[in-house]
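Pasting the structures here.
Below, chain A partners chain B and then partners chain C, in two separate complexes.
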Partner chain A sequence: MKPDINEDLIRKLERLAMISLAEDEREKLTADIRRILDFMQSLDEVDVEGIEEMVSPVSRPMETREEIPEHFFDTESIIKMFPDISKRYLRLPPIKGDE
Partner chain B sequence: MFKTVIGLEIHAQLSTPTKAFCSCPADTFGDTENTAICPVCTGQPGTIPVLGEETVRLSVMSALALNCQVSEISCFDRKNYFYPDLPKGYQITQYFRPLARNGFIEVRVGNGRKSHIRINRIHIEEDAGKTIHEGASSISASGKQGGTLVDLNRCGIPLVEIVTEPDITSSREARLAMESIRDILRYIGVCTGDMEKGALRCDANISVINTRNGQSSNRVEVKNINSFRFVEKALDYEYKRITQAMKDGKEVVKETRTWDLASKTTITMRKKEEESDYRYFPEPDLPPLRITGSYLEEVKKMLPELPDEKIDRFMRDYALPEHDAVVLVSDKELSGFFEETVKVTQRPKEVSNWLTGDLLRILKERDMTVGQSELVPDHIVDLLRLLDSRTISISVAKEIFSECVRLGKMPSNIVEEKGLQQVDDEEEIESAIRQAMKDNPKAVDQYRAGKKAVLSYFIGAVMRRTKGRADPAVAGSVARRLLEDD
Partner chain C sequence: MDKSVLKKSLEELTRSELPLESFYRERISRFNGEINAFTEVREANTDCHEGPLKGIPFAAKDNIHSRGFRTSCGSRMLKKYYSPYSATVIDRLGRAGACLIGKTNMDEFAMGSSTENSCYGASRNPWDTRRISGGSSGGSAAAVSAGLIPFALGSDTGGSIRQPAALCGIVGFKPSYGLVSRYGLTAFASSLDQIGPLSRSVKDALDVMRVIAGRDPKDATTVGAERELFDHNLEPDLSGKKLAVPKEVLEYEGLDGRVYGSFMDMIERIRQEGGIVDEVSVPSIKHVVAVYYLIAPAEASSNLARYEGTRYGFSELSSSYLRSVGITRDMGLGEEVKRRILLGTFTLSSAYYDAYYSKALKVRRILDSELSALFGDYDFLVNPTCPVIAPKVGEITDPLVFYLMDIYTIAANLSGLPSISIPAQPADNMPVGFQITGPRMKDMDVLSTGAAVEAISPFLKDGIAPIPERWDE
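Now for the complex of A and B:
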């Protein structure tokens, strides 16, 4: 099944990625995405009947971390990167709160 | 006839020492904003998440306590969305292969009946930060007015999301199911269950079926319900709103709504068309999580007796009514106190009456827990002995009990100190009644004219004069004799 790469889809992806493209960029990207999907399509030709699904390309199992709480030594350098602050809050232009 | 179909999604904060994927402390409630942050949980380029072992253990415990099958392999995925409470631009969650599936809980709905509510899945995920929307009057360091403030202390704290099947059939049952899940998580020590502090949050899905024509409404999601009371209220409101629309032949829009405190109604958050598209994909920075059989066995051994089993045992072994058992078990400390006391007195129902009645009332008034009070099992043992020997009356016993809770004194000492021994000297009672008869001849006439209820006035007078030390039964019989004799 081949998805239809049309302008609506590109605009939706723009919205989700929170970027805005120029018209020529949009055209170039449409062509790119089509090419990539065409390539991926070739995977459909492989017969995977009876083959167990690969969960992850990483064969090492997860190694967990012992939980010893520790404050990061240099939180100030993170705060310094905030474009604007109020006390220690990261301050942003007003956002309509819905989440 | 309308039938309600409800499913719950519950987010529970795990009581771990650190955040899920970094070593920042997880218990940050009340801390100064942006003090528990590091390059990992603020999404700095080049950082790698490392899953904490307690996060795994507590989520596996939750899954076992909710009777789920824990997957041998589960995986982490990225849920992509842009919002300033999530600097990475995605939340790490388990979408395609959750930690556990196919569980259930038995919810007590009263009269000894239980509802079987299935659990669809449980998965691990990380919390987002906190945003505060400020009024235009506030001014930033750079002089700008109004704005949104972000605190990332919560960002990356481990949660389990528990998703039920739509097996719930009323708002009350939804509330009971939620309370029951909270009680279980508290009992096994994985979550404080504190809704006010955001340690437990709930979203609910509701749809209504018209049983006459089989027609079903669209599903409405009610988000961000932050108290048990509001679960019930929001769902009651939705039931009314949806059934009304169905009666009027209007379409029920598939949408997400939220409980609005001010208007006590639900209001639209977003309609279906605006529904986000999270573009989930496997988290490349975390390998699959493997839970071995031996690890499961190890965690199983750590599970304490669960509330439902304990309620059954209390009803069976102590012959308690369901209501007593439910109240005692709902507080782990209280149920422990109960068992300790009964070990000595072997009088479960009387002990339960003191604990579920007077004790809980006093604790509530003083906003205390059992452990914070001064009460010890020996106090109750002593108190029951004083009542048995008729040394004190029941009203004095209640007074003494309250002192035990507050000051931790032994009941027999309080009786000695204050001279609270029961007055069973009939002469003293008689003189109290004669005095009352003299003070209020009208009451005497009323009694003699056949108004027998006036007797309680004379008993009351005796209790007042003896400061509650008289046996009300003795006072009653003496009063009757005197009123009828003279």
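Now for the complex of A and C:
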């Protein structure tokens, strides 16, 4: 499982993760991720045939709760945090023009 | 409930006539400039209620929300973010009478082992301010260690409570996964994160656990009716207790000889008290760093998708939405966070999912089975908390070297086990932690044995972790 970690792959990951790295950052992170994944190769020696994934330490099924709308007592404190606002509405940059 | 040592120790500590809160505020204003443990200190947001912790001030790591306080997570992305609500743990401590007076420094989004990844700069180790305080709850550890606050909350995803507690010479406890609500804790890796106390004695940690543990309808992973788990007194007794030391721990080449010496000193003391210590093999321990750094970044890449700068936080608006998000995330997030998001995005991608993420989850299962089998024969697993003493600020720059510092703490997170770090024999005047890990939900046993180890530790004075002379005025 030795993938080729190059800058093209990192560019693809940037698009998926929605992070636009600067050029010098990309170079450094590419090298770092290559080294880190090399280190992960140590798992190659473990035989996982027939082993189930463990996604959580909690083995029982988790209880879900009813989805009931609740009134939040302080919406003003949330609105105050909007980076760009127009008449109490959240303003977003235009979606048009994005691929 | 017996009389709280927390209060008793405070009575002894507080030699001034000032009320507790003023006493600590004064210490913070005097010393925080040198230690950089706090990111914010302000008025408590509620009056102190009647309760078992009435009037006791505390601090919380800056990824735990408290209404009216800033919750920056050590990130430029949230440097101006003020919480509109409080975490369950903050509400519970408030109802028990404790007063939150400040938030503490941390590695950005809890990703790091030194607080050097904080937008506020590194917290300093009170035992030697040229050195790191550990991380990611390094601000909490430094604040408690220097006596700037009686106790603090931290979060532990791969050792982030225990490692800084070890490096700063205090007690750090990570409860079993599911015992403490994560509601209001900024999510990093949801299957590993757990909130816990950093304090100057095991009894203090227990007093805090009695308040913060318990089921919470707002966190589906919390376990029902387990709050009573802590309604017992500590029974510190090592006689006949069976402790296992994995040989993979002692064979690890990165283990500093001085830390090994401190660890073996404690093993000898435990044997003198009648404890039985055996060397065993837990083969998967040598894979925990690889497993953790596949699972945690994968979960983080999903959890941190919310920081895109349109609803709150840092925002760099551009000509279009996607461009804005890309630039905002590049400028708002630090290098380590971006490294982990990209790594997680890679390991979750369909082409590599089986080879990396799924494989890591399977090795996690193998480790969990090995630990379950171990706990069939032994009461506890013990090892040094951290393989090294606190490095100097700026000394380590290689991310892999930092990742390997977590080698002894990660297993407890992967399996959701209770684990505590107790100060042991120091090395070169720097603190060293001794870690005790137990079976799931045996938190009270871990605390009791922690108290027994604390009682024979040469580091503690009168049952309390000492404040370094420099700050003991």
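Going forward, the second predicted complex is superposed on the first by the 75 of 99 C-alpha atoms of A that agree within 3 Å, B and C clash if a C-alpha of one lies under 4 Å from a C-alpha of the other, contacts with A are read in each partner's own complex, and residues count from 1 in each chain.
We adopt the following convention: contacts are C-beta pairs under 8 Å (C-beta built on N, C-alpha and C of every residue); 3 or more make two chains touch, one makes a residue touch a chain.
It should be emphasised that the depicted structure is a prediction, and the values quoted were computed from it without experimental measurement.
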State whether A:Ile51 touches chain B only (first), chain C only (second), both chains, or neither.
second
Once the structures are superposed on A, label A:Arg65 by its partner contacts, choosing first (chain B), second (chain C), both or neither.
both
Which of the two partners, first being chain B and second being chain C, lies in contact with A:Asp84: first, second, both, or neither?
both
In the superposition, chain B vs chain C on chain A residues touched
C
With both complexes superposed on chain A, which partner does A:Asp32 reach: first (chain B), second (chain C), both or neither?
second
After lining up the shared chain so the two structures overlap, which partner does A:Pro93 touch, if you call chain B first and chain C second: first, second, both or neither?
both
Identify the residues of chain A that lie in both the chain B contact region and the chain C contact region.
16, 18, 55-56, 58, 62-65, 72, 78, 84, 90, 92-95, 97-99
Sites on chain A touched by chain C in the complex
1, 3, 9-10, 13-14, 16-22, 25, 28-29, 32-33, 35-37, 39-40, 42-43, 46, 48, 51-58, 62-65, 72, 74, 77-78, 80-84, 90, 92-99
Chain A - residues contacting chain B, complex
12, 16, 18, 55-56, 58, 60-72, 75, 78-79, 84-95, 97-99
What residues on chain C touch chain A, complex-wise?
67, 81-82, 84-85, 177-178, 191, 217, 220-221, 223, 284, 286-287, 289-291, 293-294, 301, 305, 308-315, 317-327, 329-330, 333, 335, 338-339, 341-343, 345-346, 349, 352, 355-356, 358-366, 368, 399-400, 403, 414-417, 440
Could you please specify the touching residues of chain B with respect to chain A in the complex?
16-18, 23-26, 32-39, 42, 44, 50-56, 73, 75, 80, 82-85, 97, 128, 131-134, 138, 140-142, 144, 146-152, 269-270, 276-277, 279, 282, 286-290
